[in-house]
Amino acid sequence: MCLALPARVVAVKDGALATVDLGGVRKEVSVALVPEAVVGDYVIVHVGHAIGILDADEAQRTLALFAEIAAVADAAVADPPRMPA
Amino acid sequence: MSGKRDYQRPLDWKRGRIDLNHGAGGRASAQLVSELFAAEFDNEYLHQGNDGAALPAPPELAAGGRLVMATDAHVVSPLFFPGGDLGCLAVHGTVNDVAMLGARPLWLAASFILEEGFALADLKRIVQSMAAAARAAGVAIVTGDTKVVEQGKGDGCFVATTGVGVLPRGRDIGGARARPGDVLLLSGTVGEHGVAVLSQRASLAFETAIVSDTAALHDLVAAMLAAAAEGSVHVLRDPTRGGLATTLNEIAQQSGVGIDLDETAIPVLPQVEAACELLGLDPLYMANEGKLVAAVAPEAAAAVLAAMRRHPQGAQAARIGVVQADPHRFVQMRTRLGGRRIVDWLAGEPLPRIC
Amino acid sequence: MKYVDEFRDGELARGIAARIAAELRPDRRYSFMEFCGGHTHAISRYGVADLLPPALRMIHGPGCPVCVLPIGRIDQAIGLALDRGAIVCTYGDTLRVPASPAAGPQASRGQGESLSLMKAKARGADIRMVYSAADALAIARAHPQREVVFFAIGFETTTPPTALVIEQAAREGLANFSVLCCHVLTPSAITHILESAEVRELGTVPIDGFIGPAHVSIVIGSAPYEHFAEEYRKPVVIAGFEPLDVMQAILMLVRQVNAGRCEVENQFTRAVTRAGNLAAQAAVARVFELRERFEWRGLGEVPYSALRIRAEYARLDAERRFGLDYRLVPDHKQCECGAILRGVKRPTDCKLFATVCTPEHPMGSCMVSSEGACAAHYSYGRWRDFPVRVEASAA
């Protein structure tokens, strides 16, 4: 039960509800579990609830780390073979 | 002239509803046919008022061509969705089935199964949409039927359409004709119809600007076939229920071949991608109603692709993969990550993952 | 999609893969267990295994809550719908899990087609798929004269939403709503695997480290895993949900193993903290308590591994409300789901795999959920099982 996606909060409403936007698709979700979420935050949404707030700085740091790891490595892994011959 | 026709109260398009009389074959039925179907579909065959249509033989037949027939039932819910409705879907679906054989679509028949209580206003909307779609596609709806079922026994309105078209002599396009080496071309972005319909299901409650891609494709097909030597286009198919993945598996199965796809080459609108992520669905398995996939001889692929891109319905056409020899008939795909997976048959109704 | 697409970049993936290959010690093999159904799915769906060196093997652990849901619990849910006329609301994944054959004069143990919630629906049971627990509540409000039961499954990520819904129902005084609680706990399952004979004594399943679940960890934090790292001397790296996250976590595990470290590391720093989501944990603590034991499909009885609704919400507990019994129902004799869930066998080791047992006709839970090891292998990877000669293609 792990499908969860980072979506941007575009509006916070009464009753611990918020409208979030993922790639242009909007949905209403509960923010009861992340009461501190504000417009502009990215929240992780699972079964109609935001369960956590994404730390944008950490996200950038992680991406930078990927790039660093990838750059240090030499030539890319060779294309994996097709249906074995 | 013997006298005035009996007065018949006109149908109440604003508040009227279908009742069992409309399907009984009597005056009410006849009125429905003349005031709605014949009026909107408006062609000489319907105005003749017979139960069938006597149609002239198209010229291709005399030159050794063949007739094509296709049929489809349309049970979409909701009846009206962003970008279309049951009516135009019913026309496009069958026109496309005919076109996928490489045939010129000529005539349609339409059967309506209406539920008692169905609003006449909705029926009129659907019929007008069908009429417009048929006119745009250059086909006439020449005969039809109407039945009414009791309330609770039908989902408002079901429509079944049958289409007739004609093939020029020698043309033989079909799912069994793919050969190793053929190039696979897709006419545009996938998943929109499926997402547009789902977005209307109240239980899902998501908002999106995605509209159904429902469209008649016979003109695009004609442009593709004209772009290369006769016999270069081996397979044409529109990926409706089950999406692109299912269609490619069908072709692989029928032709006894394998397929190799490049995930990064398959065009998907960002919003479709996002909606599918949100729902736990895969765009490759979502229905399309205005797209086609073609298997084309490699030497003709570039010309056919260029012709697609020049056509309004093929602006985002792409080369998505190749056909290869494979006794197991797998549809393989190189993922955007560079790994490999198969794109399998759909297992039952696509149940959205929560995980 | 921001914060999604960047974590799926093919170029970066190949770069990280090369790094992993470069850092493997040539004198040993590496086996890591991923414990989150979402990770299993991501690995299969993107073909991550193709980018990993052959000396590194990923073992799919019991991280799919649908897969570990025992037949007896699904029977309870079906019974509520078919026999008690309740509207049973469930997440989509659960609908196709095969359970016991229908009760009746013709059916006896081992005979008759096994029912699933979906098949029960075809027989007239009122079973509705929901995307969130709140949907079930809405159905209860809309049908005050019918009993509505929410079949609550899932690990710690899914539990807080259920807790909120129970509190909400209690506040509203909803008289027709209850929850059949089958929420299970991640750390207990990991312990159980580590305590199993195959891992502890026999060494038949060498596990060098764990990839910790992504979203469970958002809720429970990284602290609960520190116990495993210490007690069992196994490194744990909590990984984000996207394929690049998984690959980076694998690299971190390789480095720990090479250096002889057994620590809890957090790769998913953008969403996971050591403490986790306190509001979510508090909601769960208010509504649920630990069960002494709970049967997991494939793992048998696992102590302190699942939750039950607290006594003050007894009215909302479907087990108490309907006086439900739990009956243990064994799997098909040849079904290897249990061994597969523990990582002892692979899908292809099961005689039923891809013959009798397919996604269309699943015999066991590993095939039902798209995250189950068997379904994932069947749907994405079974082409690797066939040694085939590809003829030279035309053109």
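Lettered A, B and C in written order, each chain numbered from 1.
We take it that contacts are C-beta pairs under 8 Å (C-beta built on N, C-alpha and C of every residue); 3 or more make two chains touch, one makes a residue touch a chain.
Please read these numbers as outputs of a predicted model, since none were measured by experiment.
Ranked by the number of C-beta pairs in contact, the top chain pair here is A-C. Taking each chain's centre as the mean of its C-alpha atoms, the one that lies farthest from the centre of chain A is B.
Distance from the chain A centre to the chain C centre is 21 Å, each centre being the mean of its Cα atoms. With each centre defined as the average position of its C-alpha atoms, the distance from chain A to chain B rounds to 36 Å. Here the CA centre of chain B is 38 Å from the CA centre of chain C.
Taken residue by residue, chain A touches two or more other chains at 1-3, 5, 22-23, 46-47, 76-77, 80, 82-83, whereas all remaining positions touch fewer.
Listed for chain B are residues 270, 273-274, 277, 280, 324, 326, 330, 332, 334, 338-340, 353-355, each touching two or more other chains. Along chain C, residues 1, 4, 14, 37-38, 41, 47, 50-51, 64-66, 91, 93, 131, 135, 154, 158, 371, 383, 386, 388, 390 each make contact with two or more other chains. Those residues of chain A whose C-beta lies close enough to touch chain B in the complex are 1-3, 5, 7, 22-28, 45-47, 76-77, 79-80, 82-83. If you check the complex, the residues on chain A that touch chain C are 1-6, 8, 22-23, 30, 32-35, 42, 44, 46-49, 51-56, 58-59, 61-63, 65-67, 69-77, 80, 82-85. Interface residues of chain B, counted against chain C in their complex, comprise 179-181, 203-204, 264, 270, 273-274, 277, 279-280, 298-299, 322, 324-328, 330, 332, 334-342, 344, 347-348, 351-355. Residues 205-209, 258, 260, 270-271, 273-275, 277-278, 280, 324, 326, 330, 332, 334, 338-340, 353-355 of chain B are the ones that touch chain A when the two sit in their complex. Note for the complex: chain C touches chain B at residues 1, 4, 8, 10, 13-14, 37-38, 41, 44-51, 64-66, 91-93, 95-96, 129-131, 135, 154, 158, 243, 358-360, 369-371, 378-383, 386, 388, 390-391, 393-395.
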